[in-house]
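A quick write-up on the structure given underneath.
A, B, C and D are the chain letters, set down in written order, and residue numbers restart from 1 in every chain.
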Amino acid sequence: MKYTDIEITAESGLELLTNDEIARLSEHSQGGDHELFKKCVLAVLNSTQITDELDLYEEQLKYFDVEVLQLNKGVKLKLKNAPSSALVEGEMIQGLKEQVFSVLRDIVFLKQELESNSRIDFNTSNGCTNAIFHILRNAKALKPGIDPNIVVCWGGHAIPEFEYQYTKEVGYRLGLRGLDIITGCGIGAMKGPMKGALVGHSKQRKSNGRYIGITEPGIIAAESPNPIVNELIIMPDIEKRLETFVRLGHSFVVFPGGVGTAEEILYILGILLHPENKNSPFPLIFTGPKESSPYFERIDRFIGDTLGTEAQQKYKIIIDDPVAVAHAVQEGVYAVREYRKSTHDAFHFNWQLKIQWDFQEAFDPTHKNMSELNLNTNQPLHSLAANLRKAFSGIVAGNIKEKGISEVTKHGPYHINGDRNIMDQLDALLEAFVSQGRMKLNAADYVPCYRVLKPNKIEEHMPV
Amino acid sequence: MKYTDIEITAESGLELLTNDEIARLSEHSQGGDHELFKKCVLAVLNSTQITDELDLYEEQLKYFDVEVLQLNKGVKLKLKNAPSSALVEGEMIQGLKEQVFSVLRDIVFLKQELESNSRIDFNTSNGCTNAIFHILRNAKALKPGIDPNIVVCWGGHAIPEFEYQYTKEVGYRLGLRGLDIITGCGIGAMKGPMKGALVGHSKQRKSNGRYIGITEPGIIAAESPNPIVNELIIMPDIEKRLETFVRLGHSFVVFPGGVGTAEEILYILGILLHPENKNSPFPLIFTGPKESSPYFERIDRFIGDTLGTEAQQKYKIIIDDPVAVAHAVQEGVYAVREYRKSTHDAFHFNWQLKIQWDFQEAFDPTHKNMSELNLNTNQPLHSLAANLRKAFSGIVAGNIKEKGISEVTKHGPYHINGDRNIMDQLDALLEAFVSQGRMKLNAADYVPCYRVLKPNKIEEHMPV
Amino acid sequence: MKYTDIEITAESGLELLTNDEIARLSEHSQGGDHELFKKCVLAVLNSTQITDELDLYEEQLKYFDVEVLQLNKGVKLKLKNAPSSALVEGEMIQGLKEQVFSVLRDIVFLKQELESNSRIDFNTSNGCTNAIFHILRNAKALKPGIDPNIVVCWGGHAIPEFEYQYTKEVGYRLGLRGLDIITGCGIGAMKGPMKGALVGHSKQRKSNGRYIGITEPGIIAAESPNPIVNELIIMPDIEKRLETFVRLGHSFVVFPGGVGTAEEILYILGILLHPENKNSPFPLIFTGPKESSPYFERIDRFIGDTLGTEAQQKYKIIIDDPVAVAHAVQEGVYAVREYRKSTHDAFHFNWQLKIQWDFQEAFDPTHKNMSELNLNTNQPLHSLAANLRKAFSGIVAGNIKEKGISEVTKHGPYHINGDRNIMDQLDALLEAFVSQGRMKLNAADYVPCYRVLKPNKIEEHMPV
Amino acid sequence: MKYTDIEITAESGLELLTNDEIARLSEHSQGGDHELFKKCVLAVLNSTQITDELDLYEEQLKYFDVEVLQLNKGVKLKLKNAPSSALVEGEMIQGLKEQVFSVLRDIVFLKQELESNSRIDFNTSNGCTNAIFHILRNAKALKPGIDPNIVVCWGGHAIPEFEYQYTKEVGYRLGLRGLDIITGCGIGAMKGPMKGALVGHSKQRKSNGRYIGITEPGIIAAESPNPIVNELIIMPDIEKRLETFVRLGHSFVVFPGGVGTAEEILYILGILLHPENKNSPFPLIFTGPKESSPYFERIDRFIGDTLGTEAQQKYKIIIDDPVAVAHAVQEGVYAVREYRKSTHDAFHFNWQLKIQWDFQEAFDPTHKNMSELNLNTNQPLHSLAANLRKAFSGIVAGNIKEKGISEVTKHGPYHINGDRNIMDQLDALLEAFVSQGRMKLNAADYVPCYRVLKPNKIEEHMPV
């Protein structure tokens, strides 16, 4: 791998900073804005790499740096030891350049504007939702005057080629219908729908197609945004990121994936199970190629066994039929439109959806928090879903997030325990993920970062 | 005059509000955002009226109201008893509609974002400048990547027709050179250059010409923005407004005017006289038609007599030659460009100019403050200029601003005193303004809101 | 007056010529394309001049030249001794540059494409109409998919200031309604409506306002296009030009003018009087300020006395009320839209209007042709109108067109004769034009280029 | 396969037709414009089909029809029995809609304008070149003011998957460099580079990427334009089509293909071998994946053996290295730019390249013409190349063009004869194409439409 020094400037207004803002972006104190900025920029530049191992990234970080300079026509970034793969014939790929400045925009806004705004309180439910709205408005991601047309695509980054081709095919069919795509912005099921939609949009001569990628500092290194993403937005953590999807999106497609995808599914089911959300139309489709049909059967069983049939009625499974998926998505979008019109809710932001504080509060994946999760049936379904969501969230962290990996390295695998039935289901599901190679890109060597404890076997499994 | 109810929506992103923001805009508490918003909106809608008398406006305010509603595609405003002159064939003029939403944008940003931001401190010099930058950035008034080309035009709103025609002619010549215009956004010398530039831009097929109007809540009612203004920005007070002009503009033209214009002149001279600004190029041209030549002779004499020749060297007077003015402005713009390049300062915001706190702090035109102004020679020139600026500012307030008028109504004319020589000059200048009808539109009945006290005559003039 | 050499290139596709086309544009043979091109280009560059005397122009032509060169990025024009007034700070005004290339486009198309096309026969009625469509399509002046909104404004170039201000005011009101303007593209009533509409469009933020100027080689020197014209189209002669107005326009406003305006009025009345056009809505409004009311009374009387009340019912006279005019125009435009929809006719071209060959054939203003015009009542009204139109056309030629002036210089004034009553009316009308200074810009010295002969006084008036 | 009736209108100006033009497009006489229009439209709508067998198409033609109607806002097309695959959710795919109107534009222009233009003589070399320029200008395919950046990609429509993936990869690398693509607009090597470039352009945020497809009525049915093509241009025949490529393109890439590709190679080599073209830079690269390396060795040997080393020096072979290809293409484009600048030739059209009449005249693939081709060494190299080109052209016709197929059906395979050595080479090359399945999509059943006669074996091979 080669590295190079390069200077870039932007043209879009993102480079208008006050001298104070520049100063803060340059503060080299540990945990300061500079460190965060630098890490995210490097992650963006790595986008052509396909690994979720963080070792190379950690190594690169030692040599990589970014300096912010005031220039006549805006701000200039001086990059040191940037991966050469981000350049073509000596020029940075325009898409990456724009993403770098999106990172700058969001970090400045998040760290400097939002955090110093006394009206925004991240410790309240309303405050979280407002903060997300502010971040999206600042990123110009809220487009007024446009009919609902945003499709959220969820699914794994570590999926086999035939599933990737399927996500492209579905994306193509969505693109032909003029629908825009929003994903978690990495590779696999996060890239395929965008690539497909790009071709669909091109055939429909839609030149303003949106390929929105929502990421977070904790995951951006492991799941670098793909360069098709033309609206990159960085949310503070996974909880805000998930809320962003459901407030922005109008229709939801879930492709096969691993624990991250399971987290997303539990998240949305937990919300939809809340009594206040009962009547709100929320198109949710699980889909994959024929060969992936066992995957969704497994998930469906898990949901049925843990959350029951009410939860199962919240989604529809369509196997091996991209046109049917696209058609269902579009019908869902129409239904959302009609509902919002009837309830006078905004098209550009789903204000009405009730999201409990449980789903908004940042879950810190410590061993203590993981082992104390209530995974028993003695609670409302939406609370159980919330806790299951956290369990999966912790495993994702343990797999590919800096913080989680370091915790697991220090203290060994997380312990998860609860009702025997739930634990059995969980264990089976996770083992299926492992055996199907859905945990990480480099699946062969996967060492689980968790241990599922089952009540009546508690002694034998207890770690010493 | 007729009134009508009408609903409007915008298309540009200004209508994306949180429910909290809408709630605050609707709070009817005295001094709340609603009152301010309503007043400014009415002022915008009155733009086709030509009066600076506030009586009619006060009367309209009793019946006029504006309600903010969340809508599917953005925010809708419901206006009650809006002046029908703002409509054409039942539709609001697009330019006014955009201005109404600019008002909304700035009030929301100013009152809700800036005021709750702990990083922005209006009580420090740096804080003021930063706040201005934030307001302008939020209003998208800072355009990166563009060579300097903004011309500030100052001058009176109450000027005779031949002077108005002259401002149009100069504007035309500026427009032919592709230069953009920024003014205080009322009528007279604030409208003429825009109208002229519009024709110049049209002949040059420049379709993105900028006609920027900077106003403040205190004056917007008396000097309604003209509808050519396609970027309306509302600053908190006259001091922030003046600083906006000098930070945004690249070349400055002063047409004949009254005390407001004198305030602007003293403001800029005071800044330029500061030692730190000595080397910064700052193109400043006073111009008018042949018949107005005595006006500038009078001003020039006043400056010479109070601030001396150093101050006189800061500007150039060009009489009756629009082409020469436009040519000099363009040369000035080039010089600014070269200087900013050599000093690596931004083109879009003049960060380097030193503006003392004296020129930034809001001056409250009470009788006490006015009478205590230090108008003696025992101080640096730039301080004297600062105080003279405040004196003129107070008189403008007493003439046409709500606050000042009510003060004067209660307590009688302001008293101004200082060195005999300065008082003589001031008296002469003000009398010239009165006799030339430059104080108010309705010049005939003008009753001075001030009394100039002269030291050795102090007893006889002293009010009882 | 100063002259300068300058090179210009265009950016819009007009500069894509074959080497053959360039060769022909450069052929210096008398009557070749080069001569015509050169004359028209000079006329465009003279647009800031205000004279309809051709002496200066003839003098300029001796020194002026234009060379066409092939360049990497298109075609370059090398202008020799161009009027410096066409330049600002060393660069040609963009609007003029575009007009120069419009001239190039139309001359190449007309002389090289149309004339060599065996399908287009200028000697048939259908051929003429088709040719006009082809010219307009090539000039991209036909905009599909747009609702009717084009207002034709007719009126004199030699009108007093208060009438000019009135045309601006009407244009402003039309512009506020989003209507586009098409005129003969000179000064006076051809410029005012455009200038007014420009301000109206600006307030409505309509940035794609159309200011279409239709001219012809025979008149372009005397009535240089004003630079606001952003679509300049050159038709072969006055008959094609008039047909262009009526095929393109959706509503018609006639301001005061001289014989040219009278020609336009007779032209349209003649067409509207044709039985086949009886049911077609054709909004036609005569308007002027209060002071011009006698003018329209005179015209109205002339029409009533020569063509009768049926002709008088074809138009509406509105005095001193720009808002009423604009409102009536807009209602007319709506009526046209409804009618075209009901009859499936194109919005962008009035295919259905019947125009007789009499109104299409080029009238050559020789003395013989003028004296042989049938101006008697022994013919259908539309034929009489056609002949009266020709009489006025001849007088315009004798006043300001190269060909006519040279005829009159050689053979003395044209003789016009016919029924006593018609001659009396004609004489009175023409005398009113003369006495009101409407014949030429330099009205004082006007020497009539015609003599109206009256039957029963024929001996005494007969020239020797 | 399903069929449906549908009506479409366009928005781009292509739908502005005179009533005469509509009438001609509707004339149902055999060989009239209607038949040609209908055939081409159907071919466009079939674009999602992948067969070069004409049987289905012939069958579809019996039921398919298209009617042209005048509408208020332009022209409407009424399609009867259109393939449903051209629709998504009941609406025609926008890209196909635009292509249908491109067909309309070119047929109207070609048949009605060009053919009736006495200045354009298709029977002269200069006339052909001018006609091509006129067609391209009318199609707005000539973009002034743009640096050279058009890459011609040639290669087969019947290529294996791994070669198709390779053409995509090369296209991606070209797209990352901002280069535009022009191909013969079918599938295979004509589609791959466009699809790749689309992704490259997207990452570079180039939203105005050009994917130009040049076709001809004779081949459009067999090689339907793919819907990514956003500029479809129809040339009268293969000779004009080939000339269009070389006049428009700035750099040339040849992928593996069959006889069509061989025709293209011989065409360009014949032109480059002409003494007058000796110094003109003409970047020409043959490339394919590793597995295709024998293919180019075979071609290279054929060229070496028939045209010699001079011909071999005109191209460069790059195997399995898309980045190297893209880099070489870009360097070639720069060289072309410098050369055109130095010789003052247009960027948008290669006027200077000498193309002999032999390469411009339409070759009619009758048995007589084929058998009389001079394929001996007794002639200049460029003439031999011209004749070899015709031989390949005839075989393409016999394979997939309506005319050729019907000839071969009637009279049996074409006879090709000439020098023994040339015949041996030709035979070997063609056999290689057959055995590699490059003759048609449905390769298994291929029956050769030709017979290569070899001099000294002439008796035994002679058909009875």
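Details
Note that in this section a residue touches a chain if its C-beta (ideal position, glycine included) is under 8 Å from a C-beta of that chain, and two chains touch if they have at least 3 such contacts.
Chain labels with UniProt names: A, B, C, D = AMP nucleosidase.
Model, not experiment: these values are computed from the prediction.
The chains in contact with subunit B (AMP nucleosidase) as well as with subunit C (AMP nucleosidase) do not exist; no chain meets both. Counting steps between touching chains, the shortest path from subunit A (AMP nucleosidase) to subunit C (AMP nucleosidase) takes 2. Once the centre of each chain is set as its mean CA position, subunit C (AMP nucleosidase) and subunit D (AMP nucleosidase) turn out to be 48 Å apart. Centroids of subunit A (AMP nucleosidase) and subunit D (AMP nucleosidase) (each the mean of its C-alpha atoms) stand 45 Å apart.
Our note on geometry: subunit B (AMP nucleosidase) versus subunit D (AMP nucleosidase), Cα centroid distance of 65 Å, whole angstroms.
Listed for subunit A (AMP nucleosidase) are no residues, as none touches two or more other chains.
Every pair of chains that touch is listed here: A-B, A-D, B-C, C-D.
Listing the residues of subunit A (AMP nucleosidase) that touch subunit D (AMP nucleosidase) in their complex gives 88-89, 93-96, 98, 176-177, 195, 198-199, 202-208, 227-228, 230, 327, 330.
Here subunit A (AMP nucleosidase) touches subunit B (AMP nucleosidase) in the complex through residues 10-13, 15-16, 18-20, 70-74, 112-113, 116-119, 126, 130, 133-134, 137, 140, 142-146, 340-341, 344-348, 351, going by the rule given at the top.
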